[in-house]
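Both complexes shown next keep subunit A, but they swap its partner, so subunit B is in the first and subunit C is in the second.
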Partner chain A sequence: MGESSSWSRALVQISPYTFASIGIAISIGVSVLGAAWGIYITGSSLIGAAIKAPRITSKNLISVIFCEAVAIYGVIVAIILQTKLESVSDSQLYAPESLRAGYAIFASGIIVGFANLFCGLCVGIIGSSCALSDAQNSTLFVKILVIEIFGSALGLFGVIVGIIMSSQATWPAKTA
Partner chain B sequence: MAGVMQKFILASMIMWVAPMAILYGFNHHIIPGSGQLSSSSQTLLSGFLAVISVNLVIVFYIIMAMKEPANRESQPDPAFLAEAKASINQSATTTSNPDAQSRDKVE
Partner chain C sequence: MYGFEALTFNIHGGYLEAIVRGHRSGLLTAADYNNLCQCETLDDIKMHLSATEYGPYLQNEPSPLHTTTIVEKCTLKLVDEYKHMLCQATEPLSTFLEYITYGHMIDNVVLIVTGTLHERDVQELLEKCHPLGMFDSIATLAVAQNMHELYRLVLVDTPLAPYFSECITSEDLDDMNIEIMRNTLYKAYLEDFYKFCQKPGGATAEIMSDLLAFEADRRAVNITINSIGTELTRDDRRKLYSNFGLLYPYGHEELAACEDIDQCVCHYLFQAKEICRSPSASPSVIGSYAIPWEMLMSWHS
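The block that comes next holds the complex of A and B.
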């Protein structure tokens, strides 16, 4: 009866390594989900539209490249985050600075993963419409490409914030 | 079509290799001057350079793709066109000779 709520105790006692590892997994897993979603939406429209207008393929592969860049952002951040994951001694494992580092890596992974998820989805849907309208009227391509560039900037925002967030994830030094 | 695929695969490969190489170079101190950086600024610099390299490859690919000559504009595939024309001619000749075909039921 005198204990604090068991949920808050359970959350605080989760090891920071767990949070950091889940952050790394989310950063690449959810980014690749977004990139794959975008590529299959764009790819199927592109291949279908190229039946009657085969000239569109070379320019509209730009949409696929934008989606692939989203996956690469996830990989870059995952590599950066896993270099940030260090071992600390047992006594320091639940020190506040240690928890802070674990949470920072977790948050960085979530930021990058979800920003890239929606960026990939956005670029995929715009790319599919771009292929269809380019097949009909090739002057529309450049205008829709501008919209796609705005869409791909969303992923870039997430990556920048994720990298800045992870740069200050310092674990406590190994003192005796 | 082969030229298109070649350019695309080349750009994709560079897009994967360049940021990995930059990150590897910074983490293993291969790039001159990366040893003196503090851990946080090393992360920042390597991360931003990797992201910038990906964006440079994208810009490069866009320039390459836009420069391609716009040939065969607004013309469908010639084989498809030939088949379509042949089927139109065939249906035109059959409708102009209605008694050429007997449509009696064969029992």
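The block that comes next holds the complex of A and C.
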């Protein structure tokens, strides 16, 4: 070839399938990381607080459910993204259209993954505080739950933007 | 760095934090104390306490009750909760919790040695010891005649061993020596605890510095007042004060020179006011200095 190498050339020569697959992996993997992190943060406080105040257990499972929802968002978006992956003929693989589709799926995966990571963390920490304060004073539960609902909206924002991003991932049509 | 501890704190501390918060709701309230004040007999007290968290510990006691029994059973509640926390804790929290018991161990050691000196029965003394400060070979303390034996036979295997380096003499044990030994041990223990708390930094260092400084200053004043009129020289008195705390080092100079209670109280209050005016004193410390002033006034009158 004899052309000078540079990072931009190297990046453009990575297959768009790679980018798309990594995006799907990040979407489910990092979302589950966020959900798991949030669940353990809530769970350890809930178990300890329920020793002196057993009445809090059933109500406070809602915090665990909010964290779990974050993982479900990640799974849904991963399934949607993998239906967007199509095969493209060899000559078209590095066409700008293909690259665009690959990058779109990658970005969508990162958006959803990291939005769910921080959402899971947020809901987990609030859930732990919710359990601890409910054990002391049961009128506080509903008020802190409102904070948790706002926190879980963060994951939804990520899912919405991710789906919009991936809807424009159109691969070039196969030329016969 | 404050702010991100919530992400990883619950790994080691989540369960224990929740338990401690649960214990807080078991503390006696002002209403409980009012009820207890209205009681006429010990059985009334037992009845009122049975509605609180202390109930399960007192319910099997036959009447007639003794005051010491009530105190013993209620202390047992504290000991049970402490032991539960200790077995659930990981490092460095478990070491921290063990440090809390060393003070009680020192008190128990001094109790047994003093009791043996006054020819009391070992079993009787063991019953009077604080349960948090018990260790395995504590009964062998009755055999020791002087400090060398005390150390070599019993204390070298306990966590108190490193605190002994400053106070081993070959004199026989008598009341004065035992008090000096107690205070030297406690000084070494407080300094060790202080150093241990500085290591994790953050909230531990901040809060424990204040609490331990207060304890060190309180003991310095205590030592001063108790040694007025005894044969303890100024230098010996000076050696018993801890090397930290708000009274260190200038307050200690003044306290070492005190010869009667009024002087001591004036110096102490002067120091406390200076400290309270300085920008480095935190509100918790200023508040805590108000308490010993009350105590000092009650000693004086």
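Keep this in mind: the second predicted complex is superposed on the first by the 171 of 176 C-alpha atoms of A that agree within 3 Å, B and C clash if a C-alpha of one lies under 4 Å from a C-alpha of the other, contacts with A are read in each partner's own complex, and residues count from 1 in each chain.
FYI, contacts are C-beta pairs under 8 Å (C-beta built on N, C-alpha and C of every residue); 3 or more make two chains touch, one makes a residue touch a chain.
From a predicted model like this one, the values you see are computed outputs, not experimental measurements.
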Give one word, clash or fit, describing how subunit B and subunit C relate on subunit A after superposing.
clash
Regarding the shared-chain residue A:Phe66, is it in contact with subunit B (first), subunit C (second), both, or neither?
first
For A:Ala36, using the defined touch cut-off, is the partner it touches subunit B, subunit C, both, or neither? Pick first, second, both or neither.
neither
Could you tell me if A:Ile22 is touching subunit B, subunit C, both of them or neither one (first, second, both, neither)?
neither
Let me test your reading of the model: by the given contact rule, A:Thr57 touches which partner, first (subunit B), second (subunit C), both or neither?
first
Touch test for A:Ile147: subunit B only (first), subunit C only (second), both, or neither?
neither
Could you look at A:Leu121 and tell me whether it touches subunit B, subunit C, both or neither (first, second, both, neither)?
second
After lining up the shared chain so the two structures overlap, which partner does A:Leu93 touch, if you call subunit B first and subunit C second: first, second, both or neither?
neither
I'd like to know which partner A:Gly48 touches here: subunit B for first, subunit C for second, both or neither.
second
Where does subunit B run into subunit C after the fit on chain A, at 1-9, 37-45, 55-63 or 91-99?
91-99
Identify the overlap between the subunit B-contacting and the subunit C-contacting residues of subunit A.
51-53
Which stretch or stretches of subunit A touch subunit B in the complex?
51-55, 57-59, 61-62, 64-66, 68-69, 72-73, 75-77, 79-80, 83-84, 138, 145, 156, 159-160, 163-164, 166-168, 170
Enumerate the contact residues on subunit A facing subunit C in the complex.
37, 40-41, 44-49, 51-53, 121, 125, 128, 131-132, 135-136
In the complex, the residues of subunit C that touch subunit A are 6-7, 10-11, 14-19, 21-26
State the interface residues of subunit B toward subunit A in the complex, per the touch definition above.
1, 3-4, 7-8, 11-12, 15-16, 19-20, 23, 27, 39-41, 43-44, 46-48, 50-51, 54-55, 58, 61-62, 65-66, 68, 70-74, 76-77, 80
